[in-house]
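The following pair of complexes shares a single chain, chain A, combined with chain B in the former and chain C in the latter.
Coming up: the complex of A and B.
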């Protein structure tokens, strides 16, 4: 499997796919930052009739006429969608949806009408033909490279340059359009320039990887990067790399399961996104759930230690709290399954760590219990003296807050109470 | 005579048929701290956008420091409403403040050490240097507002507009914004801000602009901020304007023939 990726043919397929994915990934980041991934979708679809008309009029598969046709179509998409939204009162998403699906359908009809005379067919439009990349070769400085590498590599390089060149302008336009306009930036031109680049990229990648993949590569890698990153610079880099990684995985997967590269690329980017949603360090579902669980377990363990300390000693050191005040436990039958599970696993953990022996806290367990009870007493005094809460309002919040008081805060409460007394 | 920072003449702004601002005439002098006051939907934010030049008036003109707005090179500092931006955006606090330096940098130049130091100075002014590497979404509402204020300071402009900087902020932020406003006034900068809290107007602002679709009154606080003017701003509905707008709407949508209306 790896052998075939490293073979000349495998390399050529991979390089075309990776350049296309990288070109889309870097632009996709800009679109996702503007919450305009849908616009990428619309343009990638909507350029089709322009592409076909350019192709039919010129009678050749040269890139230039197709590119011109596609740009015209892209401008039509965004202008008509804006017009529908602003003048006809159609919802922005629906306006885009209406325009690009109509144009795309029109493009498919055009392809089918002219398909008899030329080698263009709907399947190739949708899925591209990256597998055939090695068949058509061109010579570049003595190197024999696939013909379809030229446009995707070109788009990749153009997008990298544009992203670097307009870095801060695009950042401002995306984050705060009003300030961008107030700073006398040509806001509309910058935003339209971005859409023109999306159109150019769509056309360049069309032949290689097809429209479905262009859409996937514009939206998915950037969404992955948005989940993982806290800065725009890292997000753009991660988005590009995620695109390229999907290309690598897609090519290997296609080889392995003997299917098409574009479909495999889109699927693997979907899997990567799933992974990011589950595992992203700060926003991922699994880390967030784990943090919550660990916290609940810690609270439960501290409560058990404090309760058993009170039961064994009869009172805490300061004498503020005694065993009669320890929390009245619900009868086990009334506890929910999950809280019973939490309680018993906290008990087991305490036993394993050696904090609790025969229901009596020992060693570190004892220290934890004492510290907790001290905080509980402090908070109750603070709430009673400073916040003026009635005595029957003290227990419940103290039980909750005691786990959240860090040393710094405890000290501040302590010194606050002391200054009151002196 | 006092030099005007902003001169507004016969300004009307309309979204489609619906007028949002009608027939505004006002002068805001250089170095003043001016509050725009009025009920919800009075067009306060729209007036700020018109001064910024981000919306085009239907009629009338605006001058900034004696120059017509469209020919003015003068940059205007701006603090938008907090809800107007996407706080999930992957930027850190210092990056946002650096955005204030972009327009002076010009095209293709990236902010360097000088800009970074300057941005840190502006963050210092609002007491946020410790949080400079936080992602903006992790800040509290008041802290987000202070980042915006720091960005406006980083723009280092003679004229600064703020859209409700005091809305929903904590006590520490309120204090920080007040200090910043006092400093700006000492430096002779002109600050115009939309403000909701009528209690604090007389304490902080030397100019007010009372707005409710039309200009009710504008001028020094001591003369303008009167009970009578406030009643006119908040009390009576501008029924005539409402009816005119309604009539235009009905004619446009073709619900009524004009003839029947006249019968």
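Coming up: the complex of A and C.
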């Protein structure tokens, strides 16, 4: 269907898809922060009766009446669900589920009764027709643009403006709803307004990209951003960019695999999400595991060096710690497989690096062992003199601290302890 | 009157409603109602892949594909919040959106590669076709309902523990994780079986709505399961009957709307939790409060030496403009009325005195023993004389006296 993404047709499809994804991405960040990610799903399904009633009453496929109907339906979804939760004590998820599935069922019945003979089949609402975007063109200041670009671009612009306008208020509502309520902000109106924007966005996107994409684009890019960012500002930007990136990847993918754009957009956003879960710099599974492994190896190597130093030299430089204190290794049978693996790989690494020869630390290994033993002694004195803890009161995690004391901190402990003595 | 065909559908939808009701109740208790929605949507890619691999539309192949993909979705929803900062709701929404989107992409692939117009069959999954239910399908639903009830009945205790106190379960050697897995698998299986008949969204509806309605009627685990199953079955029957008598109405949505109807009825009429009984409770509380104020006002006058009091002298809060509380008190024999003058009868005096004494002692105890600020105590809502037994009042009195002596 799409010859190439670089053709004019490809560009037009991409622009519609990217605007839709960007518009959803901005609002999605707000929903994810409020733990209302399922709201997108609920609204995308729940607006169906509103769309049909708007369509039947106006008798045309104009966007405006359908948009009004959908807005009313979306407000009904959020208000009734909240009311059921707060006043009737229904579980929040169940309340949402009851409302939107009922409305969806009602919508299907309306379609069957009123709109049977016209092409308002639920499939069209589900899949959208982004590939057909270039067929209907409108003139815009001399530029010929696809007709379905207007609503999605409009939604994108409205969402950007609304985010800028209500930035502070939304931030407060997202992170500290209690304070927002107490500080005389129109809390309910702000939250309702957000949901109205979600409804506007989903309706504007329906025609272009279908409701599946709205569900995916409201949730996935924002979740990616949530994994990558710690500030709302960066989160909103990353979420928008992630949406647009999935639009690009989705359009390319649809061309390569000869299938629909919305489905491919959702799939590629899923791949991006997987990538973020695995690779996110601070929280990704792979970097976190690598960091843990690195530290475990380092601790293990330092321990081996210190122990063999004590065994070979008998005592450390100051004479505070002697070989009798060398931490006896647990009998191998009691070690778990992973800790045995860790120990032996640390030993191999030490040998390869030349820090340890025939069980005796040499060169750099000796220096590391001395530094560690010095820290151990300082830490023990600090614990005894400042914290009033006897050395046998320090348990394993406390011993571990010696591996994490940096030079600056060591110096401060040292000078602190010395100044006290003098 | 009922054609054999309708009878088949009726049996099928009843069994289906029962299944969904039971599993829905379990999901509601674990606060996972919307998982059903995510799982239902997520079956699509599995169905498409199974179709591409098996190149047929056999029920077994597609069903297996759907089941596998449903289990993958459930596992992802459980796994994502554990390994990352993604929250449960976002995980549900993401899995739903991505898997359904992938399914739609695969449907497009199948349609355009033109492997024989069969994608129409896949499309039907979105909305279902109850009216075309086969005898074999109805039989499957029946069997599923029986198997499900047996499993849930025999694992009743384990399910109860894993719903309410999984930690206790782990400590008392109940395999909570396996039970968890079993529940999720039951949910996935129910959804997969139900999909062809009622479609993606409406399956989720049948899981969520009867359980949410049943919750209004009971606080007990067993009866919740039973009522939820009954309501599910009831929606199946009612919906099927309505849709067969109106040929224009598709059965699936009508069944869901019947379930919604039951939900609204439960919301309004259920004892204790229903809106009507909540309203009545609030009204009866406020009437009792007015009567207490009335008796107290008359007692006050009597303590000041007036044996009778004129109606206009009683404060508005104690009598209300319509004099209903006065009428009720006269009928109950607590108040004697002679023209505009009213006085307490003997029973009325005892009642008013007891209430006043209990109230005073309780307030005294709260301020002196529990050191609560006098201004913060509002005892208007409670009928304290019913809560405090005479023995307790004596005890409180003694403890207050002791404190004053010392």
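Observations
As a working rule, the second predicted complex is superposed on the first by the 365 of 422 C-alpha atoms of A that agree within 3 Å, B and C clash if a C-alpha of one lies under 4 Å from a C-alpha of the other, contacts with A are read in each partner's own complex, and residues count from 1 in each chain.
Simple rule for what comes next: a residue touches a chain if its C-beta (ideal position, glycine included) is under 8 Å from a C-beta of that chain, and two chains touch if they have at least 3 such contacts.
It should be emphasised that the depicted structure is a prediction, and the values quoted were computed from it without experimental measurement.
Annotation for the three-chain superposition on chain A: chain B and chain C clash. In the superposed model, A:230 makes contact with chain B only, not with chain C.
Of the two partner chains placed around the shared chain by superposition, chain B and chain C are both touched by A:35. When both complexes are overlaid on chain A, the residue A:97 reaches chain C alone and has no touch with chain B.
In the overlay built on the shared chain, the residue A:259 is in contact with chain C alone; chain B does not reach it. Contacts of A:215 after superposition on the shared chain: chain C is touched, whereas chain B is not.
A count of residues in chain A touched by chain B and by chain C gives the higher number to C.
Once chain A of one complex is fitted onto chain A of the other, the partner contacts of A:149 are absent, as it touches neither chain B nor chain C. When both complexes are aligned on chain A, the segment of chain B among 63-71, 171-179 or 225-233 whose C-alpha atoms clash with chain C is 225-233.
Residues 35, 226 of chain A lie in contact with chain B in one complex and with chain C in the other. Of all the residues in chain A, the ones that touch chain B in their complex are 33, 35, 165, 167-169, 171-172, 174-176, 178-179, 181-185, 226, 229-232, 234-235.
Those residues of chain B that touch chain A in the shared complex are 49, 52-54, 75-76, 78, 80, 84-86, 88-92, 95-96, 99, 102-103, 105, 107-108, 110-111, 135. Against chain A, in their complex, chain C makes its touches with residues 28, 31-34, 36-37, 80, 83-87, 89-94, 96-109, 112-113, 123, 126-127, 201-202, 204-205, 208-209, 211-212, 215-216, 248-250, 252-254, 256-257, 259-260, 263, 267, 273, 275.
Remark: chain A residues 1, 32, 35-38, 40-41, 45, 84, 87-91, 93-98, 101-102, 104-106, 108-109, 112-113, 122-123, 126-127, 212-213, 215-220, 222-223, 226-227, 253-254, 257-260, 262-267, 269-270, 273, 277, 283, 285 touch chain C in the complex.
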